[in-house]
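Next up, some structures in structure tokens.
Each of the two complexes below includes chain A, the first together with chain B, the second together with chain C.
So, the complex of A and B:
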């Protein structure tokens, strides 16, 4: 009996946590379809007016294109970097490997605002700030450690003889990398690509500092919010949330179903 | 001996300060089934990996088919290996695993498939061609690993304890498959194992290694009946080992004086080895028999090994067919007498 009460309490607690996390997002989605200008209860009537407005807005369209370009490029670059470092870690023993790994995993531990300032200082010093690709560079640095961590986890599960078996059957080291290591890591690679894209797509601080006139979606949201109360923000927010959550879910599905398996 | 296919001369392998293989000389004939046997850490797997090119010898020369192989990279050697872990590619199905070696050699899709299917048929796993590897049983995977290694029609196949993960009854079946394949193909098999029964059941010739050195090479019967040193006598089979001093035509041991041939000069130390299956056990003593008490028995189906202790504490073993036990009362502490014919003792000079 008491076990059942405990279970019920724990479930209620879980439910409360989920409500706490998702209520603001749900509210934002609900208000994005609400005809009233101000987010108040009772709700007005159902409308897609705010969506029509953001789709018609040239500046928002531009920001969306920028965000997509940045997050796709970041995803490709960061996943490649992450794979290369994870493979280096898996394959080779060398002096100072500890510091090497620590350095690679460092960026996410630096406060974003510091990272953003440092990026801005560095990029302007070498004359590369204010470009779209400045954001791509900064985001790649920021997200590569996540890609590395995911792919490294997968490589930890590999039979240590698998690569040698490929050499033994006539593959050169490059061919073995392409036809054994990469296919083995495929679920982790897909997962890493989705996750790094999602992080980049949402990232505000660094993008705001180094972007110059090339605004991304999070940057434009702040500008709109600073100006006035505008339900368009709810509409943009809902779409951004949909994009990010989809990427994360895809990453999770690949991660749990393949990488998580023993 | 036919022309050697593989020649190892003066091979040394060091890992840092540790010497895994000391000055190893070995010739392996074309078409020979050779087993390299020894306890773990004896250097047998390192030797196999050097033949495959996965480790480079620190010193010495390795030749395959007359060609010096020291600097030939793994992928150019054509020395396929069956791994202890099998190392099948989990992201490929059965047929694709078998095709792998052909794909790496740039052989066209149709030809690849034809040859892979041929091997799947030969190993009786055709029906699993399109199945994923993790749906196969241990024995089926073993066959996939074999097909994958043999599909390129190599001159030599390296096997690194391939049967160690299988159930006992499957081991016997796979031994049959391996010996049949080796005979049909006529290629060289180099089989590394710590299992005496696997080595003795399959190999033409056995190499016993210990501490990075070859301690004895010979046909299974020679190794079994005439071990050349104490290590082999203890490692192979079930032997009773009695230390003693030579009297020229007999050896004096704590258990008595036993006539023996091939003894060193009188006064030198020697070891008398008597295989446990040649010892006779009786309830009643006779002239020269050794009184013992039973400590324990090990029953493995058709044969039973009895462990006994002589008055001075020497442990002795007797191996008997189970049916020969009859109605012997085998309780611990039971009194028995052991004896053996004069000519079955095998003498080792102690060094």
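So, the complex of A and C:
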């Protein structure tokens, strides 16, 4: 009996933790349709005014185009880097492999604000800051480890004899890679591309520092929030959320359904 | 080594060398540069270091940031643990997988928007105070306080801590806990003598990530904590954005990295240390 009470208490604790985590997400979606400039209880009436405002805003439209370009390019570069490194780790042993892997895996352990300052300083020193591709370069450093991890997990599941069999049958290493390894990794590659795109789409600290005048959507949000209370932020946030979460769901569907089964 | 192997091994070395190691080492070098007439000049001078390390406000920020990040880490670990325990031991595998999927979602919502939500929820005339007002309580000041900062930090870190704790608890061999219980060990003692030591590595790694994320975040202490006093990341933002004093910002960044390195090394040593038998 007391065990059941303990479990009930713990389950309510779990529920409270989930409420804390999801309260701000749910609130921002609710507020984005709420007519009050400063939302409180009781809520105002339903409105799509904030959405109309952001769709009419030229600067936000520009930022959305920048964001899409940045996250697509980032995901292509990061996934290629991730794949190359994952394949190297899967197939080869060599001296200094530890430091080699640390090179790709370390960036997420360094606070973004430090990466932001370092990237800004370095890129402007070599004359490459303030461009859209400065953000792309920085974001691919930050996201490549996630691509690498996903693709490496997939490679764990392949039978190493398959590739060797292709070589024995006279296939070149490139051909074996293209017709044995790549098809096997395809779900992980799609997942990695979606995930890296989603991370890049939301990143604001590094983008804010190195972007110069080419703002992305999160940078616009940062600037609006610095000004004052503006429910447009909730509307933008909800749309960004919709975009990212679609990418994540696609990634999950590919990753869990295929990798889980193999 | 053939061309094929090189084609896969070299890209990341070149890319991270140019755009990861390059920036980090340049930033360390930059902390010794000089700024003259609003232009940065290559130099090797200790002026920035001397200036920053002798300023009281820098050390105030330093200890405040360290304290708040530690407080958040302790709070997150304790808030998350019961939740992670339930997810690991009291629900089905399917429920656990769904819960972890849900906990991943926050990483793909804008942290800025979530912070802005808290700003509106916690405000003097916000949702919580309106609710409390209906019960004839409050209003309480929650914005621009350390409480606000911790709420923001937890928004960033709690999902990750719950995930990592759940995974490390779920990987424990339940037979060991059951054996202790069968031998007459009370539940609380089994928790501290069997479960916690077995899950130690994962729990420490979770706490370490929580600390790194809070220590490096400028959003929560700025918008919810009112920047009173500014944390180290806020110092970096202010110093970089308002003028050309990048070398001074670099000094703060190197101070942060040194601190994080020491803490991470200690945490990893603790996490993987073999237990001395009692």
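One rule holds for everything that comes next: the second predicted complex is superposed on the first by the 243 of 262 C-alpha atoms of A that agree within 3 Å, B and C clash if a C-alpha of one lies under 4 Å from a C-alpha of the other, contacts with A are read in each partner's own complex, and residues count from 1 in each chain.
Here is the rule we go by: a contact is a pair of C-beta atoms (placed from the backbone, for glycine too) under 8 Å apart; a residue touches a chain by one contact, two chains touch by 3 or more.
These figures come from a predicted structure and were not determined experimentally.
Of the two partner chains, chain B is the only one touched by A:167; chain C is not. Legend: residue contacts after superposition of the two complexes on their common chain; A:204 is shown touching chain C, with no touch to chain B. Taking chain B and chain C in turn and counting the residues of chain A each one touches, the greater count comes from C.
When the two complexes are overlaid on their common chain A, residue A:10 makes contact with chain C while staying clear of chain B. When both complexes are overlaid on chain A, the residue A:192 reaches neither chain B nor chain C. Shared-chain residue A:222: touches chain C; no touch with chain B. In the superposed model, A:179 lies in contact with chain B only, and not with chain C.
Contacts of A:110 after superposition: chain C is touched, whereas chain B is not reached. Residue contacts after overlaying the shared chain place A:150 against neither chain B nor chain C. With both structures placed on the common chain, the touch criterion links A:64 to neither chain B nor chain C. Comparing the two complexes, no residue of chain A contacts chain B in one case and chain C in the other. The touching residues of chain B, when paired with chain A in their complex, are 52, 54, 73-76, 78-81, 83, 85, 87, 89-92, 100-101, 103-105, 148-149, 152. Within the complex formed with chain A, the residues of chain C that make contact are 2, 4-5, 7-9, 11-13, 15-17, 19-24, 26-27, 30, 79-80, 82-83, 85-87, 90, 101-121, 123, 125-127, 130-131, 134, 154-155, 158-159, 162, 212-213, 215-218, 223, 233, 236-237, 240, 246, 249-250, 253, 256-257, 260, 264.
Contact residues of chain A toward chain C in the complex are 7, 10-11, 13-14, 17-18, 20-25, 27-28, 31, 38-41, 80-81, 84-85, 87-88, 92, 94, 100, 103-104, 106-107, 109-115, 117-123, 125, 137-138, 140-141, 144, 173-174, 198-199, 202, 204-205, 209, 218, 221-222, 225, 229, 233-234, 236-237, 240-241, 244-245, 247-248, 252. For chain A in complex with chain B, the residues that touch the partner chain are 159, 161-162, 164-172, 175, 179-180, 183-184, 186.
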